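You will see chain A twice below: alongside chain B first, and alongside chain C after that.
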Partner chain A sequence: MSYWGFRKVMSVSAKALPKVLDDSIDKAADRLAADQISAVIERLLYNEGGARLKTYMETCAHCGLCSDACHHYLSNNKDPKFSPAGKVRQTIDLIIRKKGNVSIEFIKRACEIAFTECNLCRRCVLYCPFGIDVAYLMIFVRRICHQLGVVPKFIQDTAHSHSATFNQMWVKEDEWIDTLFWQEEEAREEIPGLRIPVDQECAEIFYSVIGPEPKFRAQLIYQAAVIMNVAGMSWTMTAKPGWDSSNMCMYTGDHEMTARLKKVHFEAALRLKTKRIVMGECGHAFRSVTDVGNRYLGWKAPPLPVVHAIEFYHELISNKRINIVQKFDKPVTFHDPCNIVRGGGLHELARGIIDKTCEHFVEMHPNREHNYCCNAGGGIINCGPPYTSKRVRSNRVKADQLRDAKSWGARTIIAPCHNCHGGLEDIIKFYQLDMDIKFFSDIIYGCMDKNHPLTTEAIKKY
Partner chain B sequence: MMHDIYYIVSGPMVWISMVLFAAGSLYRVFSMGLLAAKKDHVVISYMNIRYALRSILHWIIPYASISMRRRPVMTAVAFSFHICLILTPIFLLAHVLLIKESWNISWWYLPDRIADAMTLTVIAGCIFFLIRRAIRPEVRYLTDASDYFLLALVAAPFASGFWAAQHWPGYNLALVIHILSGEVLLASIPFTRFSHMLFFPFTRGYMGSEFGGVRKAKDW
Partner chain C sequence: MNRSDWDWSPGEKIIADLQQWRKNFHEVEAPCVSPDGERIAAVVRMQDAPSFICETKSAWKRGFDKIWGLRFLPDNRLLAIVSAAGKWTVAVEGVPWENWFDFVWDVHVCGAGCNIVAAAQNGGAYFAVLDGIPWRSAFPSLSNLTLSPDGRHSAAVVQTVPFNSGDVFQFRKGCYTVARDGNPWPDNFLNIWDLTFSPDSHSIAAESRISVEDYTIVVDGKPWQRGFLSVWKPLFHPFDHSVTAPVKIDKGWSLAKDGEVIWQQRFFQLWHHAYSRQGNHIAAIAAPGFGRWTIAVDGKAWPLTFNHLVTDMVLSPDGERIACIGKTDAKWHIAVDAGCWDGSYDMIWEPVFSDDSRHVAVKAEKKGEICFVVDGVPLNDRFVSAWDPVFGPSSDCVLLKGITRNGVYVRHVFKLAEYNIQ
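After this line comes the complex of A and B, so read on.
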């Protein structure tokens, strides 16, 4: 079963995109009154539509150069409706020209475009000569949809979970604590004396994960605990809200909840007097903590240093806090996740880790800042099963790119991002690529010396 | 009659168009800056001169970005079009002379043959953009009447100026059309999509700052 639990068996033969079966958009939109739409849009354009919106809309030369950036466009036989500027034209451009006087049908279509045909991946910024940020414009459309209450139901459900529990997957407090204890117990069989410290004040590191980890991928918590213990790090997690660094509200256009979630996360780390936040291998969570959430809270930068797992593992390996004793022997390729590469510049550090831990590395093309999105990001995978087939078909270029890497020898894809895993798994299955995907923690866990002198030292202290 | 029109278009209207261009440009840039300060403070907070320039340079040097290298013909046309579009009117002998007559200042000017070639380059660029717009589906999809209109507006002073400079039949009419369309073009820059000239450094510079300063990544 796939991580997201909703992969269906799909046939490779059909050409056109399948009809999407999500009645939540229809149901929500049909309830709208016409004047409600224009009132909400006018208010948003007035309150939030500032210099960026105006300049982007006016500066766009309608040159179409951004098209080649977008995997939706490239994968759908270069249908211009899927090009970045094409999506802008069908949505916010008309909304502004009609001053918000658009129909219910229009809102349904705009919602589908903004939520399921753009990953907010910002690859197009690298192809538009003006650097027009189509992701910003699509977020604006999502914001309108959010305020109208027209949002695909699966992603809205995660947003509800965030609002009610401050985590993405309706994980209850006792379930969360149980998961930590359970993983601690399991890991103690491998490393006697191992601990997963919970709510320990003054630890150096506040380690945060995302909701799906306790829900579907508890082994990642296990691996992180082993790595932390072997390296003898001073670390803690929290039992209280704030343990989850994910943020689907960032993708539903709910800026207010985005900010609240980050506030709770930062406060959890600060309350425990930790020195820095280390995050697991997630892309969108990293974006929400280092780039988006802090802004909505009015801070130029996060209030304490935030370190992605890639930076952290790189640091541990270079400082010899962990020793790599054997190398991963299958040839690997690396998928640069948008949010930590185009959005965080971690591509060279990632290659540094690969260099230290893997026998044989094959670059896929394009790579680094120019890598194609997995098409799960930006909340698309969170829009759920109704869109799975469309999502996978709309990323044929990714399959081609992976197939090329495979023909150059690669067997394993390293993708240090949860969403990328979900997206790539579906692509690999649908296009029958027969490759496997790993996190860095899988690789490091497998290749490290678990009897490091620091380990015993640290464990003795407890 | 022709003489009167000539007098008006080559006298007061030149002033009007220049003032509209200069004041309009200042107004657009400043009012946009104020709007940013009010509603989009991120643009100002995150603007970083070093990263802004780094990005701008990668996009005004031909072929310095992957996007440009992927489309070599478009890039060649776009650059020669823009360079000739801006330099020709400034360094044209006829224009330098007119300015010398009115203000008694002058500068270096282009040899006629070269000015002719640059004028034709601009016209050819317009034709290239026109064809591209008509035949490439991804560009046609973005096109509406205003795009064709703007292309015609750019082509008009160059085509009519060239006509006049060759002293082809209908010189007087061509000259009047030339001057008039030139004035309309100049005055329209701040108020139409030609304002991309004013905003280019800001849109690119802002994205460069976000990519360089916050996201630690290249944006070219």
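After this line comes the complex of A and C, so read on.
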């Protein structure tokens, strides 16, 4: 089977999606005045709807070739409402045709479609003969919703957290620093002398994570610290805002806050005169740092090199900065996260790590840039519990993919992205797949030689 | 910081042998040095023992469970955040403040008397502590802590209205404001960031988001009349109390004063503006187009641009000269007065002007070595680690502070004339 080949996508019986109740959408939309809606839309179309929007809207031939690319469409029994072009038709197309004169009910539905029925995964772009970026069009709809204040509650709360704290989980400044000290203390039990350097000027690496790590997954900071220390890297984290590279504002259509967050992140790394940013295993954060936030701010490329954990781990293993002493012995499969594979091209490096660290590898099909989204991405998982059931039901194809990989022996899924973890966990539970999920750092931490002498470049420096 | 009292006699002075520290202690963290270069200190540990501060020749007698944030004050005293028995405080020269807290962080120093302010938390309540004295009021959260130029007032962004997780409607009503010395402004805002005190320490200006789509500058609690698409950090004029800030309008950035746009030019980006000492010039880092970076002075961009970024802009004391660091094609350059010095580096630190504004010195890194450049002339000294250069009070000599390849910390004063720098 070729790498992009499709094993048969098994169909599961069609059930109507549960009615979703997010009172914040109703509450916010019901306060809108009709002229307010048209005024906001008119302003955004005029100021921000440039040639790209016009070209896409005027080029779409409604051929439907993008439909089979979308997991929402496939998982909802090919209901045309869920096809990429169908979502465009129900939202931005009508908005433009009606010159912004749309009803409150329309805005509520457009909000639901743009925020919870499209992951901005860009799979459909690969299949459109014109390369129309439906994700861009859905972000435009989200932008309108944001400016109208009609955004699903849970993701809006996350965006509010970003704006107030510069991290997505309302982590307070002292809680963050305390977490670093705590993880350092724990890890020192295992690796004597281990350090998590904080605000260390001139380190080679500025290591950034995302909000959920100090909140729920502190073990990832521990593992990163072990890997950095054993590899003898010159690295630092910051005690100041800017430690969180995530960016849910990118998904709520809040471009101004997206830019502000990236400024804080980049300036934290620049202030410490570090040479590059290494990011933890997150997909959307990578997109926000390397492709979106930098451009909003006027930087063609990020102002200093940005390296995703996949590239970094691959480098450490290839350069023998860390040595794998015993490979992970259970068969694994790999979920290609949209933002770092379709968006970032890191699929072969990821397979390079698997090759060096795992005994048995089962490809998921389709894979690489053709992989299906986990359905958590694009901020859908951040829309929270009101949409969980809809979200998992709308990704039956991912369950089929996983089931297929499992039938070839895979019990463990490696997914180097936080959102993918959340999305896949829900799918595994709902479809009773009985599989477990790991980050690369879980695998590497478990397989590496931790007795490698501590030869930090920082020590050599003085 | 009275630099006239420092030792400016030319020559090299060995201050400490860090190799010896390494032999004496199990762990030695990254050291810091005093402004005059006479002292060097680092947090050190013996195995499973508390942390100590080793200073120049020997370790202090008193240890703490944890020490971090080690730094020298402008008057050469040593400050650290320390913890004992689960409580935290600030210690100066090893002497802790009387009050201890559940956590302490974000230390700022200002004023002739080197006043110190830190953020602190006790039992989930947040406040600032100025020279050991906590604010009388505490808040559910605190950030953006700032100290006034005279060192006598502190301010921070505080949350004044608690709200439940997910209560997006309460958040939008505005739950944050600025507290000055613990007293909040009467009005709340959606968001408020980046506080700045006026030169006389009486007023405070800040960036604010006043609605989902409107940003503006707030001065002493009063927003400017006009909202913008976005704003960056405001500054007070050195004398006339007006406030300027970069603002985004009509798809471009410009500079506004007291709410009115004062520069005709529009930039793709504009930030980090600064006044000359007399207040007659304003310079800022600017992007005249997407992916092109330079300096704009009084609204006019330099013809010299960098394709990656411009950072670390510094105005000379007389306000007539500007130096900055630019990056093009992954290499760092030094730009002074719209011209680029020869040579490129792997990293360059913030430029330093002499008091008479005639000379510029920078610390730079090339191929793993730290070197210095003055007025475009590379100096001979090479270090593995070094601190910013300091000009002598008469602007005719420079103090270099660095650790040599042998692990020795040296303080080196040389006359500019040695390099024929006039």
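As a convention for this text, the second predicted complex is superposed on the first by the 439 of 462 C-alpha atoms of A that agree within 3 Å, B and C clash if a C-alpha of one lies under 4 Å from a C-alpha of the other, contacts with A are read in each partner's own complex, and residues count from 1 in each chain.
Following the convention adopted for this analysis, contacts are C-beta pairs under 8 Å (C-beta built on N, C-alpha and C of every residue); 3 or more make two chains touch, one makes a residue touch a chain.
Remember, predicted model here, so these are calculated numbers, not experimental data.
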Exercise. For the overlay on chain A, clash or fit between chain B and chain C?
Worked result: fit
Exercise. With the two structures laid over each other on chain A, which partner does A:Gln200 touch: chain B (first), chain C (second), both, or neither?
Worked result: second
Exercise. Touch check for A:His370: first (chain B), second (chain C), both, or neither?
Worked result: first
Exercise. Thinking of the overlay built on chain A, is A:His314 touched by chain B (first), by chain C (second), by both, or by neither?
Worked result: neither
For this session: Kindly classify A:Gln156 by the partners it touches after superposition: chain B alone (first), chain C alone (second), both, or neither?
Result: second
Exercise. So, does A:Lys390 touch the first partner chain B, the second partner chain C, both, or neither?
Worked result: neither
For this session: For A:His335, decide between first (touching chain B), second (touching chain C), both and neither.
Result: neither
Problem set entry | Contacts of A:Lys300 with chain B and chain C, given as first, second, both or neither | both
Exercise. Regarding the shared-chain residue A:Lys54, is it in contact with chain B (first), chain C (second), both, or neither?
Worked result: first
Exercise. By how many Å are the closest C-alpha atoms of chain B and chain C apart after the superposition?
Worked result: 8
Exercise. Both chain B and chain C contact which residues of chain A?
Worked result: 47, 295, 300
Exercise. Which of the residues in chain A end up touching chain B in this complex?
Worked result: 47-52, 54-56, 58-65, 67-69, 73, 78, 80-81, 83, 85-86, 89, 125-133, 290-291, 295, 300, 341-347, 369-370
Seminar exercise, completed: chain A contacts chain C in the complex at 24, 27-28, 47, 146-147, 149, 151, 153-154, 156-157, 160, 163-165, 170, 172-174, 177-178, 181, 192-193, 195, 197-202, 239-241, 254, 256, 259-260, 263, 270, 273, 275, 295, 297-301, 303, 305, 384, 458, 460-462
Exercise. Where on chain B does chain A make contact in their complex?
Worked result: 32-33, 35-36, 38-40, 42-43, 45-46, 55, 59, 65-68, 70-71, 74, 136-143, 147, 193, 195-196, 199-200, 202-204, 206-208, 211, 214-220
For this session: Over in the complex, which chain C residues touch chain A? Could you list them?
Result: 18, 26-27, 29-31, 47, 66, 68-69, 102-103, 105-106, 119, 121, 126, 141, 143, 159, 165-169, 171-172, 176, 190-191, 209, 212-213, 215, 229-230, 248, 251, 268-269, 271, 287, 290-291, 293, 307-309, 311, 327, 330, 346-347, 349, 365, 384-385, 403, 407
